[in-house]
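Note sheet for the following structure.
Think of it as A, B, C, D, E and F in the order they're written, each chain with its own count starting at 1.
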Amino acid sequence: MTKIEAIIRLQRLEDVQDALHALDISGMTVTEVKGMGRSKGITHTYRGSQYTLSLTPRYKLEIVVHDHEVEPVIAAILEVARTGEVGDGKIFTYPLGDAIRIRTGERGDTALS
Amino acid sequence: MTKIEAIIRLQRLEDVQDALHALDISGMTVTEVKGMGRSKGITHTYRGSQYTLSLTPRYKLEIVVHDHEVEPVIAAILEVARTGEVGDGKIFTYPLGDAIRIRTGERGDTALS
Amino acid sequence: MTKIEAIIRLQRLEDVQDALHALDISGMTVTEVKGMGRSKGITHTYRGSQYTLSLTPRYKLEIVVHDHEVEPVIAAILEVARTGEVGDGKIFTYPLGDAIRIRTGERGDTALS
Amino acid sequence: MSAIACAQGAGPKPAAIDKADTLWVVVASVLVLLMTPALALFYGGMVRRKNVLSTMVHSFVMMGMVSVVWIVLTYSLSFGKTSNGLIGGLEFLFGNGISMKDAYPYTTPLGTVPAGAFMLFQMMFAIITPALISGAIAERMKFSGYMLFTTMWVVVIYAPVACWVWNPGGWLSQRGALDFAGGTVVHLASGASALAACIALGRRKALEHHDPILPNNLTTTLLGAGLLWVGWIGFNAGSALAINDIALSAFVATHVAAASGMLGWLICEKLHFGKPTALGAASGLVAGLVGITPAAGYVTPMAAILIGLVVGSLCCFAVGIKLKLKFDDSLDVVGVHGVGGATGAILTGCLATAVINPSVSDSLKSNNGRLGLVVTQLLAVLVVGVFSFVGSFVLMKLTQAITGVRVSESEEQAGLDLSLHGESGYNL
Amino acid sequence: MSAIACAQGAGPKPAAIDKADTLWVVVASVLVLLMTPALALFYGGMVRRKNVLSTMVHSFVMMGMVSVVWIVLTYSLSFGKTSNGLIGGLEFLFGNGISMKDAYPYTTPLGTVPAGAFMLFQMMFAIITPALISGAIAERMKFSGYMLFTTMWVVVIYAPVACWVWNPGGWLSQRGALDFAGGTVVHLASGASALAACIALGRRKALEHHDPILPNNLTTTLLGAGLLWVGWIGFNAGSALAINDIALSAFVATHVAAASGMLGWLICEKLHFGKPTALGAASGLVAGLVGITPAAGYVTPMAAILIGLVVGSLCCFAVGIKLKLKFDDSLDVVGVHGVGGATGAILTGCLATAVINPSVSDSLKSNNGRLGLVVTQLLAVLVVGVFSFVGSFVLMKLTQAITGVRVSESEEQAGLDLSLHGESGYNL
Amino acid sequence: MSAIACAQGAGPKPAAIDKADTLWVVVASVLVLLMTPALALFYGGMVRRKNVLSTMVHSFVMMGMVSVVWIVLTYSLSFGKTSNGLIGGLEFLFGNGISMKDAYPYTTPLGTVPAGAFMLFQMMFAIITPALISGAIAERMKFSGYMLFTTMWVVVIYAPVACWVWNPGGWLSQRGALDFAGGTVVHLASGASALAACIALGRRKALEHHDPILPNNLTTTLLGAGLLWVGWIGFNAGSALAINDIALSAFVATHVAAASGMLGWLICEKLHFGKPTALGAASGLVAGLVGITPAAGYVTPMAAILIGLVVGSLCCFAVGIKLKLKFDDSLDVVGVHGVGGATGAILTGCLATAVINPSVSDSLKSNNGRLGLVVTQLLAVLVVGVFSFVGSFVLMKLTQAITGVRVSESEEQAGLDLSLHGESGYNL
């Protein structure tokens, strides 16, 4: 099992959800995060002063999948989350130790399905 | 060392905290997240229109523990976070590279105790 | 590649950002989290009743770096995030499977630079 | 003695409608109207995030329900001609016979404002009183149950009490009990009813689990408190029913009592708990306003400051009673309106002076002096308190039998906003 | 027949300035002034978080722009002497000739309040009307385009319509059409213009993507609704332009219609959708207020309750029309102000009674009875509706040609607060 | 010349209490009362989340403290009979001798409102003035220090300045200086004191660390600004102390100056910084209101629009001064109230006209014409500014010695809400 962690633009969330459903992936955890990267940040005006916040809002998606699903999921995210402009985000993958479904106590791959 | 990541229902947080204290686990990091899973989501009414938000609020707990603590902690979470209905959440475990306590610079297992 | 996860005090964020820039690390993802640890929590007064919230607000920083950058980054965080009082937080490191830049599809180390 | 009567005591016997007096009652009605949205904010800010809308709706929906019931039925029950001093007649049903040109007919001598303006002013009081109770049952009551309970309440509890105290023929009014602007009718009645209602309803589940129950937005509560202060000027000074020296005295007294109520609460907090709080400032000013309500047009500015200080500090401690007695009065209606209203009513008996309001000398005379007056005030407190408590308890049981009173445990956990109304206060 | 005229019909012919009447118009002006910030809250709470400031600014900036334009130009166009009944003269340009001591000169008999007070009162109406429209174009209109459109709108649409209906020489006023406080001028005109504006502007991108569009803060919306109710008392009862029986009747009618509007909407929601909502309570009270606006000083309390119930329930369904017809009226200006204003105007024709307001008998007479009056009301609705719709559509096209009307897709996605104003509503 | 005096200049010499005038002063007092909660919102929304309650409490607690101090002591110091023109006598201590029936005794001819109403109206001014200062010291001052400083301030600074300008025997009043509603007493005095206070207190730590300091909730600030506008009508038009032509002129002037102040600020922002902001709209309207305060009852509508435009645009740039001069005036009290108040006072000298207010001709005469009047205005500005600045600086030093003025660095970092009050504004 592998955790896929994708940091994406706010407005791409619905599209990614749809893409995952198409792949029959139904589990995901979403976190509101702030990202520092190469994009230039957001400029706030406050009585004439201007503050540029280097941190821009992003969603972090965490999707734990069976190993054979990793590449299709990455491909799907790449397709719908890309705008081509700086700030599209990153995908990271991590090896998992174990997975347990709390409701049933099932462990391992069966906990995901 | 292992990171235990548990995604639980909002109302189970206090109970899990108590259970962890009983096991003498004092460190944990909690994040408000939104989960997509098999539970049906929340229906909002807005002037007659109804929107079902597929993402439901959950807490994500991250608990880094010594390896021998992994199973007791999982068992404790399973016990108190379970309602038996769809949406109870998942537990994932991950191998850790290293742990460092910022205050002292201690590394490895001693950073946790 | 390695993910460095640092849980720090709120007021240290700007300093850590500066320190990372000095090391030429430009990517980072920040999450608002609540930490349970050894620090005593925050006391709220509500019409004479006092509630101590055991969870205190913290920032969680996630920084994915090339392996040779791990130690310099840890050293930098240790330096600027330390106050010496209980509650300074922790740093954890995790091995990474892969990294992909969404904008270009680049994978592995080149996705980070 | 009712506010209507005192207004008359204030000057030469008036006979004709006075436009300035009328305008003052109209303006005061608008100010009191503002108090119910203000209460919605005051209460709404104090509950947990997941119940903010349900709590605010409790106040707002009283503006809907009571306004209609008032003009259809309860105005007549409160202010129709009463033979027994217990309940008014039915001559004003469906708004009939409420003149927009002539004064309310049953006071001697006649007032200077049209009956329609008087009816409006009183309507605003009838709206806010049951809304006050809602603070005690917040975060766990069914909406249907709340609607049924409050509808019965305004007919069965509020109308009689208003008749007793404010109808010129009401039995407490006849005994010379002093209640300038509603210390007993509004605050004590709602406080005692709140106690009955929250006992009947039971405690919130979160209390058993020792979950912290923290206010979702104290800026909202502060705003509500500020608007309550503003509206309360109309509530109290408007109760003079004329723009005269008594209205001015009531304004001064109301204002300085709110001020000293705030100071009293803050000082107690500082001394006793270590830190003065923003919620303490808001609560203290409301307590001061509650305390001065029965006294407003009868006392000197210095007496008003004293009332504010006493009631403000007392309520700061009274809100702790529920922790010991284990009833769950969510937003401290008992500790503030019950305790504050009763204290204010008794202090009115002690401090009312004919220097400010000539009608006080009548009350003193008919009660054989100061002690007799204080006893009468105590009697009014007791009767109104017991009647409201018992009556509300019965109404809650009745409601339970008809619609049920309490949401399910899972609805309570999910929050009433989503489970009862399908909404969420904030989507930030 | 205009509000001015009805005020006169109400009593013995007045000749001199009356201080109490003047004060009432001043106070009512302050109350109506409060309605625009209230509207900013009402609307602001309903949009998505990223557009809350841009939506609130739409209302606030009308307080800036219209106030200046009104005194410089449009007051004269609305209330200057009109020969043709279509548009006023230019004698009051730049505030010239508006007396602070003598009455507005063109009514017979003269009113009892100085022209300056009348001008202020009317100014507040002129401010809120274009602000109402902003609800339809929220979350996607350019700020420069909004400024240009609304500036032209108050000159080209509002001033003529106000002249027709409220100028004593206006052609609809002359025909005996009844509009006590602005059912056609304010609500129908803004509702019809809103429809034109949102059609011209197109739908929000989020609708195509089926993104949920949820209100950012309904506590703000509830507060706005509460303050609107308070301000509306000034709007309607102030339209009597005197503190008299008609003002009181208007106050009662306005208040109970708001109440029953709320109940009507909540009952429909409960029956039809399963849950009564907080936003429903807020929307229903506003709908009730819209519906009673043309009728306020002409109907009995029971008729007012009926109007509130009818309009409240009707609007509860009317806000669904946009989903079928696919126009994107963001905050339901058409469904509430358009439908509510038209319905209220027609119901006014049906329910207005000389018992409440003697001037109704003149209107009935000049229209050859009830049916004729209803036809005249329908005519007024039609003419004002069509004129506003067509005019606004043309103005939107003109604006598009000059400044553009719509933000770019990426600005819309980022939110108007950041992209147009460089700010964010909340940094919590 | 004081507002009291001008009110007298307005018509035939009045001798008896007038109910409509009294009611207007009562209503205006309620409106000004509303301004302090409004200020709490205006300021509260602009600070960082962690300081929102402490900032709001700064305003609220003035409603508590000043109200009591005013009636006990400072009303007498301000408006007691003054022999030297510097400070009033002690005859009104503890509220003694303030009649609810007869007029304030020291004006010739007597006013038409009871002294009690006048005292209330003035009390509301005394409450908001020190609350204004709190904007400059937000986010870092000790609460105990704040209480001590403001208590001394209202006695040592406010009372004398109010006496000089508004007591009929005050020396500036005697010299014919024009200040209709408090340009010098309220705005300049608070602005100059704010400068002294924030210099004495030092800069916020976050500024050294270049942390962005962003407003926690601009919807709160907008609401505050809207309510300030509404309340300010009472502030300025109420200063006529009668419902007459001057009150109406003041209403018109106040309203259009707020409008043009908003436009002025927005235009400058658009031209200079690229984007008009919501906070700019709010700030601009407040600046316009500040600027018109001394001028309100003396100028034509067109002059008022001019004052609004000038002050609105000026303040848009003036708030930048602090960045260059490195004083930390958290919420721009100096840039808005100091600069706006001074500019307004001087423009009053330039634009006041006897066409609007006959008393202006007296002032022109006693100052030997327009130039003399402007010089007198400059003198008033200078004297009040220097006195307030120096006095406040000394009081801050005194406070520092007694209770301390500044919280610890860790308290500042944790936020004043938690560290001083044990609360958090939002638990969302």
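In this text, a residue touches a chain if its C-beta (ideal position, glycine included) is under 8 Å from a C-beta of that chain, and two chains touch if they have at least 3 such contacts.
Here the structure is a predicted model, which is why all the values come from computation and not from measurement.
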Contact distance in steps, from chain B to chain E: 1
Which listed pair, C-D, B-D or B-E, duplicates the contacts of A-E in over half of its pairs: B-D
Between the pairs D-F and B-D, the one where more C-beta pairs touch: D-F
Centroid spacing, where centroids are CA-atom means, of chain C and chain E in whole angstrom: 53
Chain centre separation in whole Å, for chain F relative to chain C (CA means): 46
Separation of mean Cα positions, chain F and chain E [Å, integer]: 34
Chain B residues counted as touching two or more neighbouring chains: 31, 44-46, 50, 94-95
Where chain E touches two or more other chains, by residue: 19-20, 23, 27, 214-215, 217, 223, 275, 277, 279, 421-424, 426, 428
Every chain pair in contact, whichever chains are involved: A-B, A-C, A-E, A-F, B-C, B-D, B-E, C-D, C-F, D-E, D-F, E-F
Chain E-touching residues of chain D, taken from the complex the two chains share: 19-20, 22-23, 26-27, 29-30, 33-34, 36-38, 40-41, 44, 52-54, 56-57, 60-61, 63-68, 71, 94-95, 100-101, 114, 116-117, 119-120, 123, 143, 217, 220, 223, 417, 420-428
Complex contact set, residues of chain A against chain B: 3, 17, 26-31, 64, 94-103, 105, 111
Footprint of chain E on chain F - complex, ascending: 18-21, 23-24, 27, 31, 48-49, 214-219, 222-223, 225-227, 229-230, 233-234, 237, 243-249, 251-252, 255-256, 258-260, 262-263, 266, 274-279, 281-282, 284-285, 300-302, 305, 426, 428
Residues of chain B that touch chain E when the two form their complex: 44-51, 53
Residues of chain A touching chain E in the complex: 11, 14-15, 42-46, 50
